[in-house]
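Here come two complexes built around chain A, the first alongside chain B, the second alongside chain C.
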Partner chain A sequence: MGEKISLKTYILSRILITIPMIFILLTIVFIVMRALPGDPVSMLEGKDIPEEVLARRRAELGLDKPLYIQYISYISSVLRGDLGVTALEKVPVAQYIAMRLPATVELAISSSIIAILIGVFLGVVASFFKQKYLMPLARIYSSIVFSIPVFYLGLLFQASLGVGIGLFPTGGRVSPLNDIVLSEAPVRTNFVIIDSLLVGRPDIILDFLSHIILPSLTLGIYLSSIFARVTYLSLQEILSQEFVVAARSRGLLDSIIIWRYGVRNVLIPLTTMAGLQIAALLGGAVLTETVFSWPGIGSLVYEGILKRDYALVQGVVTIYAFIVAVTNLLVDIIYAYVDPRVRF
Partner chain B sequence: MSIESWIEILRISLRSRNKTFLTGFILMMFAISLAIIGVYLTPYDPTKSYVVIDGKRFDIQPLLPPGSKMIVETSSGNITLIFYLGTDQLGRDVLSRVVAGARFVLLVAFIATALSSLIGIILGLISGYAGGLTDRIISLVMDAMYAFPGLILAIAVAALIGVGIINMALAIAVVYIPSYFRMMRGVVLSIKSLSYIDAVRLMGAGSFRILFRHLLPNALYSVIAVLPINFADAIITEAGLSFLGLGIPPPTPDWGFDLNRGQKFFVSGYWWIGAFPGLMIIITVLGFLLLGEGLNDILNPRRSVR
Partner chain C sequence: MNIKKAISRTMTITISVLILIAIIISAVYIWWQSAQAPSTLTTPSITSPPTKPKYKETIIIGTTDSIQTTLDPAEAYDYLGVNIIQNMGEGLFAYEPGTAKLVNKLAVSYTISPDRKVWDIKIRSDAKFQDCSPMTAYDVVWSWNRTITLNQDPAFLIGDLIDRAEALDNYTIRVYLKQPFEETYVKALLSTWVAFPVNPRTSPMEVVKPPKTLDMIGPYKLEDWKPGEYVLLTTNPCYYGDKPKTSKILIKFYKDPQSLRLAVEKGEIDIAFRTLSPTDLKDLVNNPKLQVVAGPGIAPIRYLVFNVNKEPFNNKLVRQAIAYLIDRNAIINTVFLGKFAQPLYSMVPIGFLGHKDSFKEIYGDKPNIEKAKELLRKAGYNETHKLRLELWFTPVRYTPAEPDIAAIIKQSLEASGIIEVDLKSADWATYRTLFREEKISMWLLGWFPDFLDSDNYVRPFYHSKANTWLHVNYKNPVVDELIDKQILQPTEERIKTLYQIQDIVADDAPIIPLWQEGQYAVAQLNVKGIILDISQIFRYYLLYAEVS
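Up next is the complex of A and B:
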């Protein structure tokens, strides 16, 4: 009973810590987007636009006011869920983001699964062959994965598995025809799997899977080396402990020891790492989504830059701040749940 | 830290026969020499899709595969132009562009690394030494910056302050300040309580002297091994930014932006357009990464992972 209360207290204190964290993140976004030298409007919206148009746009965005007033109005409107309107269509930025966020969530989940599968596999293989020549392979793998820009990896997949042998589509989330079908859903969640069930066309899920495979492989491989490293290091630590030595002296095979004592204990550091990788994942997603025209919030940033839309870029960056803060909170809570030691 | 001590580190490292370090060193030297002298050796202007011979202009055919030859008739007879790595979608020599791109990429990464290490180290020193509220506030801000996706931070900065070498370096530098800060602060916290610092203080040294004469030099050695790895990461970020069109304006050769512009051609069979800029990014990044990892093994043998 006592433990339950302490978990609750712990979660509550974590939530309370997240509030200043969100404020600091929003302040950083504000400083970057407003207080840095350079005029965002003329930079983003073009230099050849007449001064009075720029001035009007600045006034629309509230950029003509003193910085502290801008800060207060930025924070208060963000907290009200108001991220401004896009420059061209005057659509609320928040609406845009809500429409595009599900695609990023889909990509994040599928690429994390791939990253963990590859990472755990490599980590286990590397620990298993510790004394043999295969050992440096994990290090070579992580060095090479580190050195390939994620967008280049995506292009390589497009060129080989996509256009090259025509195995997978190279862009979009579903085929154009299916996209039309999905848009007729009575309630649109924008999660393809849910939407296709809502319109009664589960076959679209297959189409979706064939579209998501290349982007998630790209992002998954990009993220996998850190998981390989974590698996390997935690396995080494666990395997050097006394209960493992005891098991080995009882004659248990290495493979059984790794599986039974090792992999299970590695799950905790892996979960934490998956959460901590959110920053790398979101950054990599911007490039991956751009390469594969995946309609998430990452490619929305790119479109914002291309369309020179200040409100759109600022809105998406603001949402990233929230995602980071909330993910950190969730990781802490999950961690405390699976490993009671951290609470004390 | 004097030049001699840098040379000493290099000498020890080269002598150590650490394979990781040596591989990295060779790759790094390859990239650096391309950047410094390569541009004088390449046959064509990387930004032009034509050559001028005897005052006459000849357009270069776009999308020529590697090793292609083009014969032009001039007043002094036929001249054969060879394109060792082919030409891109606009008819520019890929070899010349790839080589010229090295200079820009390395320059941006160098400025970015120098800036971020300088700012991060100074903030880390102050924060770790001062402690208390100052430390709390700086740490909180740095932690928040660290948690924020680096590339997105750089995108936001770059989108606002505009394109160009210095601006791009600034945008990238912002991303890496927290890593230097954290490391420096950690080192300062561990050295601060050692008795030799107390001794210096008892001898009447002021905070400034303790910080820069006694704490900084001792902490720098931990930073050295991180510098090349950070440099490698800065190149990746640079490539990402320029892939998104936030680099230097065209037609300046830039690997990331060339990959963006060549994307359609690259994936549909004109492999040389993307293969070589991509390969150059990988080689350069790998060079600095391995150099850093090797250096880490040599300088901090106890800390090495394996």
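Up next is the complex of A and C:
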């Protein structure tokens, strides 16, 4: 009972902290975006559009008003749940995010699974096999993979598995024709698996899986180096402790020692690491999304910055901050479940 | 030792499971590849004799372009948005495919008053909007009024042309021009997308936002639009003209030229159009599985701008010296591999009314270092007191090879031994701000025409009332007067006036024209109907792909 009240209080306090955190972040982004030269209307310039038309556009976007008025106006619309519209296209920002966020979620989940599986596997191998031919390889893997720029890794996979052997498509989320089919879903969730089932075309799921493999491998292998390192170091520390020696001396089977004491204890730092990585991935992997033309929010916010689309960038950052806060909270809850010693 | 045994057993099981999973995934993948659901290709009928080829139902066009604003003809001003509108709508006049000739489209005939200020235009009686309601002269006039009233970015194209218009009856429009403009000039403006009739019964008096557009008269209509991802067009069942052979056109957006190239090479798309790098084009020309279709290019033309209010460019001798040093052939041969662009010696492109190679006549077609040095010395510079310049460019907006182009120009100018050049770059929004605030004095730009008339290549650059957007600060009353005069003159006199303008501005050299790029589409071998002409309109309605 005491633990439940404590967890509830903890969750409430985290939610309360999240709100000012999001507003501080929004303020920083607001200032930084306006510090950059140019504004959304700059994208139209370079043609002989009459100055009065450009001035009117700026006025419509409120850009002719003092900065503090623009800030107050924006914050009050966010408080009303209105993230605004993109500057030139006039697409609601919330709609844009709803279109693109599912793609990012799909990529985040698939690459996280690959990262964790490969990383934990290699970390366990490195920790226990002290034979020269295996342990150095695992350590070398971790160092090399992490030092390769992720976009280069993506290009390598694209060139070899996509173009060279021709096993997988080189870009996009589904084949273009299947895009048309999915557009006919009665309700668009923008998650390919769900929409494929809604239009009665489960074969599109396989098309989608073939498209997601290369970007997931790229990000997954890149991040697996972190998980491998964390797993290796954590296991080394745990298995050198006295309680492990004591357990072995009491005659406990090695398999029990490893799974009950070793791996379970590794789950704590792994959970933290996984949570942080997933939160980062949900913000969008700009470079990977660009290489593979993956329509996620990473490339969306990059486009927004280039176009100086204030509402778009601010909207994406708001959602991202919310995602990070929720993910961190979930990590803490899982933490408490994995480690009964944790109290709030 | 025991630990190792335990791990060995666990490892063995794990590895076995992973291998099994890999085998299952491979088997499923191979099954799926071989048992692909039938595509939406049209299959030939087996009940009738095989007399005519059948066509693919959907053609997929990949592009790195994007729609900057909306698909409302009263607002759209970017290449792709306008091009899509040009496949969904029509104007009174249009360019005949493959030519620069303006022909009647929705117009049937017209008469011009003796003072050239009043046009009476008869229009088709069989044209219908997408809801199959008939188009009348009242609809055309309403549409023009809508464009002018909304006064968005391109509204001036007809706003500066038309004083007022009225429908005399269902099929006759009377247009009162603001000035007695030359005939082809008027037709060119009335052929632009901003003058396309839209259905007044369904069109609001405000800009229509994505993912919608307006009901127009054209071979295609908008079926679906996912901003940033794709646009899907389907045939308009109420179109009065020939139905396209291809039922659906899917325009898919790509983030970069590399992805676009891979997509067309792998057959994921049928056509790649705008923009592949010259190196990619060179490789693709040699790919036997693809075809590269080329066409004359005037969008963009590329040029170098000086702010003539700022030192040292307020000195004509410096500008002329640079004009003598520019090596256009080095740019064409190095960056465009000798074949994907042409040197440009006037802001009026090759093929346009009144084009004259004025820069070539004055400065030659090869660098003249000695002449440049002479001018620089007269301007007070020499080998010990060098002229230091900054050359600005923007790396992404025009061509991926922009940094290489800037490097070649730097090299050309430094060949004089008297000039030193620093290269600087910025993304477009920053770049635009820099020259708008006149913080830079020499920069590279490109021009996409609004309409196909020589006026659109002289007025925005050289007329002191129209070139304020460029911040070149060039003011020459003689040139202003000549520009105002040429659009009111009959063709032969107009050509002579255009020659005069080009000679004067070449001598003054506030802007140095550099090159014009060709247009290129890379397509699968079965795709036909790709016509790239001087109109710069990519006509999706002519495309088809035969299937056996």
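Here, the second predicted complex is superposed on the first by the 263 of 344 C-alpha atoms of A that agree within 3 Å, B and C clash if a C-alpha of one lies under 4 Å from a C-alpha of the other, contacts with A are read in each partner's own complex, and residues count from 1 in each chain.
In this section, a residue touches a chain if its C-beta (ideal position, glycine included) is under 8 Å from a C-beta of that chain, and two chains touch if they have at least 3 such contacts.
Here the structure is a predicted model, which means the values were calculated and not measured.
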First, second, both or neither for A:290, with chain B first and chain C second: both
Chain B versus chain C as contact partner of A:317, first or second or both or neither: first
Partner chain(s) touched by A:33 [first = chain B, second = chain C, both, neither]: first
Partner chain in contact with A:306 - chain B first, chain C second, else both or neither: both
Contacts of A:149 with chain B and chain C, given as first, second, both or neither: first
Contacts of A:21 with chain B and chain C, given as first, second, both or neither: first
Which of chain B and chain C A:282 touches, first, second, both or neither: first
Chain B versus chain C as contact partner of A:59, first or second or both or neither: neither
Touched partner set for A:233, first chain B, second chain C, both or neither: first
Residues of chain A that lie at the interface with chain B and also at the interface with chain C: 36-38, 43-44, 158, 162-163, 170, 290-291, 306
Of all residues in chain B, those that touch chain A in their complex: 140-141, 144-145, 147-153, 155-157, 159-162, 174, 232, 236, 239-240, 243-246, 256, 259, 263, 266-269, 271, 274, 278, 281-282, 285-286, 289-290, 293, 305-306
Sites on chain C touched by chain A in the complex: 2-7, 9-11, 14, 28-29, 32, 36-37, 39-40, 58, 60, 67-70, 77, 151-156, 207, 209-211, 224, 226-230, 232, 248, 250, 252, 254-256, 258-259, 262-263, 265-266, 268-269, 397, 426-430, 432-434, 436, 445-446, 448, 450, 459-460, 466-469
Chain A residues within the chain C interface of the complex: 36-39, 42-51, 53, 56, 85, 88-91, 96, 99-100, 121, 124-125, 128-129, 158, 162-163, 166, 169-172, 175-177, 179-180, 183, 201, 203, 206, 210, 248, 253-255, 257-258, 289-293, 295, 299-300, 303, 306-308
Sites on chain A touched by chain B in the complex: 20-21, 24-25, 28-29, 32-33, 36-38, 40, 43-44, 139, 143-144, 146-152, 155-156, 158-159, 162-163, 170, 229, 233, 278-280, 282-284, 286-287, 290-291, 301-302, 304-306, 313-314, 317, 320-321, 324-325, 328
